[in-house]
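By letter and in written order, the chains are A, B, C, D, E, F, G and H; residue numbering begins at 1 in each of them.
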Amino acid sequence: MDKDLLETWLNAIAAGELTPAEALEKLADLPYQDLGFAKVDFHRKLRTGNAEVIYCPGKKPEQVAAIFQALAGQTRNVMATRANLRIYRKVKAVLSDACYFDQARIIALIRDQSRTAGKIGVISAGTADQRIAEEAAITAEILGSAVCRIYDVGVAGIHRLFSQKAVIDSCRVLIVVAGMEGALASVVGGLVDKPIIAVPTSVGYGANFKGLAPLLSMLNACASGITVVNIDNGFGAGVAAHRINLLGE
Amino acid sequence: MDKDLLETWLNAIAAGELTPAEALEKLADLPYQDLGFAKVDFHRKLRTGNAEVIYCPGKKPEQVAAIFQALAGQTRNVMATRANLRIYRKVKAVLSDACYFDQARIIALIRDQSRTAGKIGVISAGTADQRIAEEAAITAEILGSAVCRIYDVGVAGIHRLFSQKAVIDSCRVLIVVAGMEGALASVVGGLVDKPIIAVPTSVGYGANFKGLAPLLSMLNACASGITVVNIDNGFGAGVAAHRINLLGE
Amino acid sequence: MDKDLLETWLNAIAAGELTPAEALEKLADLPYQDLGFAKVDFHRKLRTGNAEVIYCPGKKPEQVAAIFQALAGQTRNVMATRANLRIYRKVKAVLSDACYFDQARIIALIRDQSRTAGKIGVISAGTADQRIAEEAAITAEILGSAVCRIYDVGVAGIHRLFSQKAVIDSCRVLIVVAGMEGALASVVGGLVDKPIIAVPTSVGYGANFKGLAPLLSMLNACASGITVVNIDNGFGAGVAAHRINLLGE
Amino acid sequence: MDKDLLETWLNAIAAGELTPAEALEKLADLPYQDLGFAKVDFHRKLRTGNAEVIYCPGKKPEQVAAIFQALAGQTRNVMATRANLRIYRKVKAVLSDACYFDQARIIALIRDQSRTAGKIGVISAGTADQRIAEEAAITAEILGSAVCRIYDVGVAGIHRLFSQKAVIDSCRVLIVVAGMEGALASVVGGLVDKPIIAVPTSVGYGANFKGLAPLLSMLNACASGITVVNIDNGFGAGVAAHRINLLGE
Amino acid sequence: MDKDLLETWLNAIAAGELTPAEALEKLADLPYQDLGFAKVDFHRKLRTGNAEVIYCPGKKPEQVAAIFQALAGQTRNVMATRANLRIYRKVKAVLSDACYFDQARIIALIRDQSRTAGKIGVISAGTADQRIAEEAAITAEILGSAVCRIYDVGVAGIHRLFSQKAVIDSCRVLIVVAGMEGALASVVGGLVDKPIIAVPTSVGYGANFKGLAPLLSMLNACASGITVVNIDNGFGAGVAAHRINLLGE
Amino acid sequence: MDKDLLETWLNAIAAGELTPAEALEKLADLPYQDLGFAKVDFHRKLRTGNAEVIYCPGKKPEQVAAIFQALAGQTRNVMATRANLRIYRKVKAVLSDACYFDQARIIALIRDQSRTAGKIGVISAGTADQRIAEEAAITAEILGSAVCRIYDVGVAGIHRLFSQKAVIDSCRVLIVVAGMEGALASVVGGLVDKPIIAVPTSVGYGANFKGLAPLLSMLNACASGITVVNIDNGFGAGVAAHRINLLGE
Amino acid sequence: MDKDLLETWLNAIAAGELTPAEALEKLADLPYQDLGFAKVDFHRKLRTGNAEVIYCPGKKPEQVAAIFQALAGQTRNVMATRANLRIYRKVKAVLSDACYFDQARIIALIRDQSRTAGKIGVISAGTADQRIAEEAAITAEILGSAVCRIYDVGVAGIHRLFSQKAVIDSCRVLIVVAGMEGALASVVGGLVDKPIIAVPTSVGYGANFKGLAPLLSMLNACASGITVVNIDNGFGAGVAAHRINLLGE
Amino acid sequence: MDKDLLETWLNAIAAGELTPAEALEKLADLPYQDLGFAKVDFHRKLRTGNAEVIYCPGKKPEQVAAIFQALAGQTRNVMATRANLRIYRKVKAVLSDACYFDQARIIALIRDQSRTAGKIGVISAGTADQRIAEEAAITAEILGSAVCRIYDVGVAGIHRLFSQKAVIDSCRVLIVVAGMEGALASVVGGLVDKPIIAVPTSVGYGANFKGLAPLLSMLNACASGITVVNIDNGFGAGVAAHRINLLGE
């Protein structure tokens, strides 16, 4: 139930077109959550900047395309995560403006290309971590944040990271993406005083246990100010960083 | 090596009191990190707002007292985490202004009581989670953030949480502290579009595995925008929230 | 060994047709379990309402078809769980009345379509959890329970759940199906005073560990009255809910 | 927000005493959850039969005593779980009618001693599992269910279990409490067609991993119709069984 | 119900002292498991050689003493495992012949001291594993097996093990007790062709995880013919070895 | 180093043909393990009865065939475990007498078909556990033990197990194969006083964790006398049971 | 920033061509890491002997080929690990001298074939462990170490290992590669006083948990002097052994 | 059997005092391992430099004192690890020269104070890790290595580590001791080309899981050349580093 409808009813009572009893009945009939629904939806839009999001796994290509098309009618930017080429082709067939970010596995319709003044720095360790870093970066960009990519600066060649210190310092919030042992988050945390979101990736083998090693590593980082998202959850990091970034606008 | 010393040397060269060769040797001898040291230290102060922090476990009461006293000479606010009464008494003996936050297990010397305009909301589930919530809240306050406590609003009585919706909406960033199954983070994440830092606590038994259950639960929260810190890490959540809060000042 | 036979023997002793020693030997020889066997079989039919069940994994399509056909001669309703289309075709070839529930992966022969007066509410979180929800729902229906489906009411959009409060209240027992962090069980547990069976699903990734996260979450649910079945065990939840539902008839 | 207040406002609009705009503002200001609050509270009492419950761990004896006294003013039966003698003495001091169930670790005030016609059967394996069995039994009794205790019938001496078959059959719902390998739940599940709630206990050592072994065992029970609660969660099993038992009254 | 009683009844029927109907009633009244009980008990005695066993944890000293005394009236040898001195004193007070094996933590009443011809070899790695080795050895001896102890022959000094080859070869079945990495079981398995029961102990630290390391090691032993019992389960190993040893008598 | 050679040398010293110093050097140079080598090989044949064994995983079909052929020249029975049809065809090409046990995944050349008088009972729970049961049974048979198969007697239909009590009692040693929750081992352990080797299988899903549930269950079995092998290790159980069985011949 | 540039500036100050203030600014502007960069690069070459290394997983064949070609212009030996034939063909197309080590899964360009005087002994347990042993051996050889392979000397046939004692004694450092239970590392550690690097492999099944069993086993080895690398990390062991081996040159 | 005895016998044969047959018998009677024993013992002394080691846990103070005294008669340096003051007092009572290293928990008798020319660098992260670092350092020193301590250089203040670069470069082999997330090992591995032994400590809380986090982190370190020992195993790291250090002497 939206505010306009409520206003219409209240005006109708004031105008004598609706008796209080009738209005009460109408209000009682309405599931009270409807009001909440509208609110949440409104919040929802704010929350993800200016985009609606579809999570692809477990949905058929046609389903994704249909939801994508529906959302495209309601909001300016739409994105689908964990998508593949097959899904993209279905979406493309109904929305020719949709584009596909291969590494990030994101299908997007980007009508609003405005960006924040403050930047989110996305730092990644190895080449293999890059697809998750891109998921975070592209997500943040679609939501409206400016993003600065600082890739391939793993701890094994720590000088490469340090040579990017000035660039890192110019960002408002940082996303650190690393697999293997995930030490990069700790090192970045020891260098700067920014909010840092650490993303463990499933890159590694053996006692890495599909990302458990960097996950535990990042949760135990002795540098304070680091928070962590799920293994390979570039999307979640992008959303969280965007929300934080917005606070500085 | 600080900037003043470097300046002195450069002036000495200009004045002919030092040959370039001698200066080069001096500079080469200096561990180049000294410069980094100063820088990092400076950052460090910024990073933790205006406080220096001591982590008590593994240190003897006298050691904590000595470090506390030393830091009190260098900075305005000093805090010691995971402290107990025995340690407090040792600190109190050398710094009579120190106070002890019992639930938060924090010893603090708070000379700078200024607070941010924006508020950090600290939401906790059960009574037993409160000590970790307090660790987060007190940490953020000592660092200089205004804090709003919303306690005892667990999912089992979900109406209590909803009745605080307006208060929650008035905060800039949220810390959600919960043990048991940690569902509170997901529910709060479904209600608001703020940056949310989830703190799993070790409250629970059996298949809770000392906080593993809420940790996994929070890392898998389907509501986006949630980031997570280590089990019982109220301090880390307080620092991270403070940094995010500062962005909005 | 049935009572009649025992009576016959005792009479034979009384009649002097059987010596006590011979009777003793006969009694010792009888596998006493035979009595149990009959009983259990009888119980078995009661237990699963009016259906016999085949678990497909590890059985060849022809084997399933043969068992299915055999059971169809003994009982009114027969079902095979975790079935695929290939198995269905084999069953269909010998029992043309068999039907296949695609999402639930259940092959069924339903001759008795009577339903209970009381309803089982099957609540599911995300789209991907639906196939397990359907396994629970179809199972309960084949056993004879009326089922009410309340799907796609995840915690991230909590208003959608609340708008179904009246429907949920009209059910006698609830099955809550959720993957990711499984918080839905806790939230439903906080809203109603029904018996609740929580089904964690393997939907998720990373630190979800194939359903471990929602399993632990549900086992630790702070709302009381919740019991849990194995990850993805929609069938087990359907059977348990049906048994509980029968108590109210 | 209650209905009367809403009616007053609508009448005031109709009477011209309140403009629609003012009313809209008032309505927006009202925390809509207030209505929910009352509802949930009402539900809450229903949910736990006729008792309010306090969970002791993490609360000081005085706190428990104070809450206990407060609840005793609102409801007929009150209970505190995981309590010890020290807490009991504090409660006893303010409520001389309170009694303490030593094995079950429950403090209770039982003014309403009515019991259901149907019985909950509480079956336990070893002597060491008995305290959790008692927690379940006492909980169910305080809530108002009749309880039938069938103790010390572990699988190692399986004949003892079978000799209680008739007693087990006379119950409406069963709680099976077992540590070690937890096989008792499977065996009971193979014998009867009742709803069964399995409670793994932390009794055992080594590869038992504090109850993990029976927990996994019970979740994987091949006998269908079994649902599981957290390790050592006798209370939760008691509540769930009572709710199920009520359906048959 | 024992065989004698049954015989008495059957004779009474034959003698006309009992009508078949009366007998049937008597038999029906008897829990049929009683027969089973007797049987199992009889088996039980055989099974554990000639001893009854009490598991102490979770029982009070007085309880143990009472059970011990009762069993002492029924069987020749009685033993209580995981006992401590306090329990022993209680038992000693009622049974002055009871003795206490300190390292093995076993209280025993040994009236039948006969031993098998074949020997069980108990091999242990380090000094700290000895208490579990003793639990196995004493158990086997009380049950009636001859035992040969080969202690302190860990893999780090592998020559000590090899120097005992002849002694090891003279045993019929082997128990290998080892903590740390548990490699001793594999090495013994590579040397002899006997049935080997491996007992992992909780001796170790860090990534030993309280016996998990040797448990996994022993389960994966590449030498075939090795079977494993629970961590620290010297008693279970003793019973199993005794049963195997009896086959060769 | 064999005894003859040693004797030769000692005689040479006595004959003055070899100085003590030279002999000492020779002795020191000899790898003392050579003696061990021969011994162990001899033991090896004894150990596996009368068969040599090849473990296929990680070996190419041609490699298996070549090793198989080589062993066929040295011993009467040869077997290859975890084999598939492709490997079998390669072996069959070089040894036309080789046969393939499909369910057991064993290729065998069986020239010696003699069997022990005593029987090994192989008991399995569900249909899906049968392939591991067959691996155990076929292994034991190739080694020379008589085997009695008792399949499909899971705990969910416990009467089927009990009806086989007499058959079970006629065996000398038992192998119990079960997946899901593995309760069958405990129940068999509660019925008989034989040595029991429990084999957990990876049959199950969700919180079964690929056999972890029955593995833990069996290790914690409260019935004593049970020992356990690795998940799905039918071969190991067969070897161990055969060795135990031999003791009774 | 290199030393020459710094010298130029200091001279310019002395010459009055640069004011101290300007110099200070220049120094502050320079990323101090540049110096570190050069150093680390130099170290890097030393570190891996005389080879550059590419880790293939997560890189496309063309990417590997391009990096390979680039490195071939800078250093004498280049290697790519975890490579397959497809990648090799791409590399071969641009560098015809490249060769492929099939078992080790390494592509290499070896222009410098010099070897150390001291040898690294690579000991492996089973046939299936050999590919990881080869990864270690080939890595060490490309880096410039002489390697001595001692394969197929598992603990189940311990005499084979002992017969190689002299060869093992002739090595300077040992790499022990073993899957299953990994006991080989302990046994070798009990025989020699060399630095030993243990490599657990993922060879095994069931409770091996993909290498967890030998990993824990090796970490808990009671023989001292053993250090461990990640599961299947032959490369890491090769590098570490080479570094240790160089110390003895 | 020592070499002297063997020589005596061979001489006796040569002298005709012993017939070859008698000698053969004597030799055959001797456990052949005795030779091995001597050898291993000899190796053992080499292996641990010039010290014998006693592991205290599981031994009584008197036992440690007795073993200590015995070893003091055979070798120059003796050490007991994981010792406490109570044990020390017992040792001190019999060996007044024994000293106690409080932090390292080592009792030592150091008669040979010679040190290697090359140094072992022991680097530790936090204050709480220092006791394990000391265990490693003291162990290496007692064995005869020169040790250089570089403490309190955690990743959170990374400049402190870098300022010690020259000192680190002067060492031959490095031991890196760190708890929390263990990132220090990776960072040191990125800076130098030395053999590095990483020691995870149990310092941390929550998702640290008593050292599991740094253990996994170190095993997955992306910088190559790092090997790992068990959690808190300072002693093992000291022994391994000493052996490596000796290669460079």
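Just so it is clear, contacts are C-beta pairs under 8 Å (C-beta built on N, C-alpha and C of every residue); 3 or more make two chains touch, one makes a residue touch a chain.
What you see is a predicted model, and the numbers here were worked out from it, not measured in a lab.
Separation of subunit B from subunit G in touch steps, taking the shortest path, is 1.
Considering every other chain in turn, the ones in contact with both subunit A and subunit F prove to be C, D, G, H. Interface subunit C/subunit F: under half of the residue numbers present appear on both copies, so the contact uses mostly different residues.
Counting C-beta pairs in contact across A-C and across G-H gives the higher total for G-H. Between subunit C and subunit E the centroid-to-centroid distance comes to 40 Å (mean Cα coordinates, whole Å).
Averaging C-alpha coordinates per chain places the centre of subunit E 50 Å away from that of subunit G. The set of subunit D residues touching two or more other chains comprises 32, 40, 44, 126, 157-158, 162, 190-191, 206-208, 212, 215, 219-220, 224, 230-231. All chain pairs in contact, by the document's touch criterion: A-B, A-C, A-D, A-G, A-H, B-C, B-D, B-G, B-H, C-D, C-E, C-F, D-E, D-F, E-F, E-G, E-H, F-G, F-H, G-H.
The residues of subunit C lying in touch with subunit A in their complex are 126-128, 157-160, 162-163, 165-166, 203, 205-208. Within the complex formed with subunit F, the subunit H residues making contact are 3, 6-7, 10-11, 13-14, 16, 19-21, 23-24, 27-28, 32, 35-36. Partner subunit F is touched in their complex by these residues of subunit D: 125-126, 154-158, 180-183, 186-187, 189-191, 204, 206-209, 212-214, 216-224. By the touch rule above, subunit E contacts subunit F in their complex via residues 40, 43-44, 46-48, 53, 172-173, 190-197, 215, 219-220, 224-231, 235-237, 239-240, 243-245, 247-248. Taken in their complex, subunit C has these residues touching subunit F: 31-34, 36-37, 39-41, 44, 57-59, 200, 202, 210-212, 215, 230-233.
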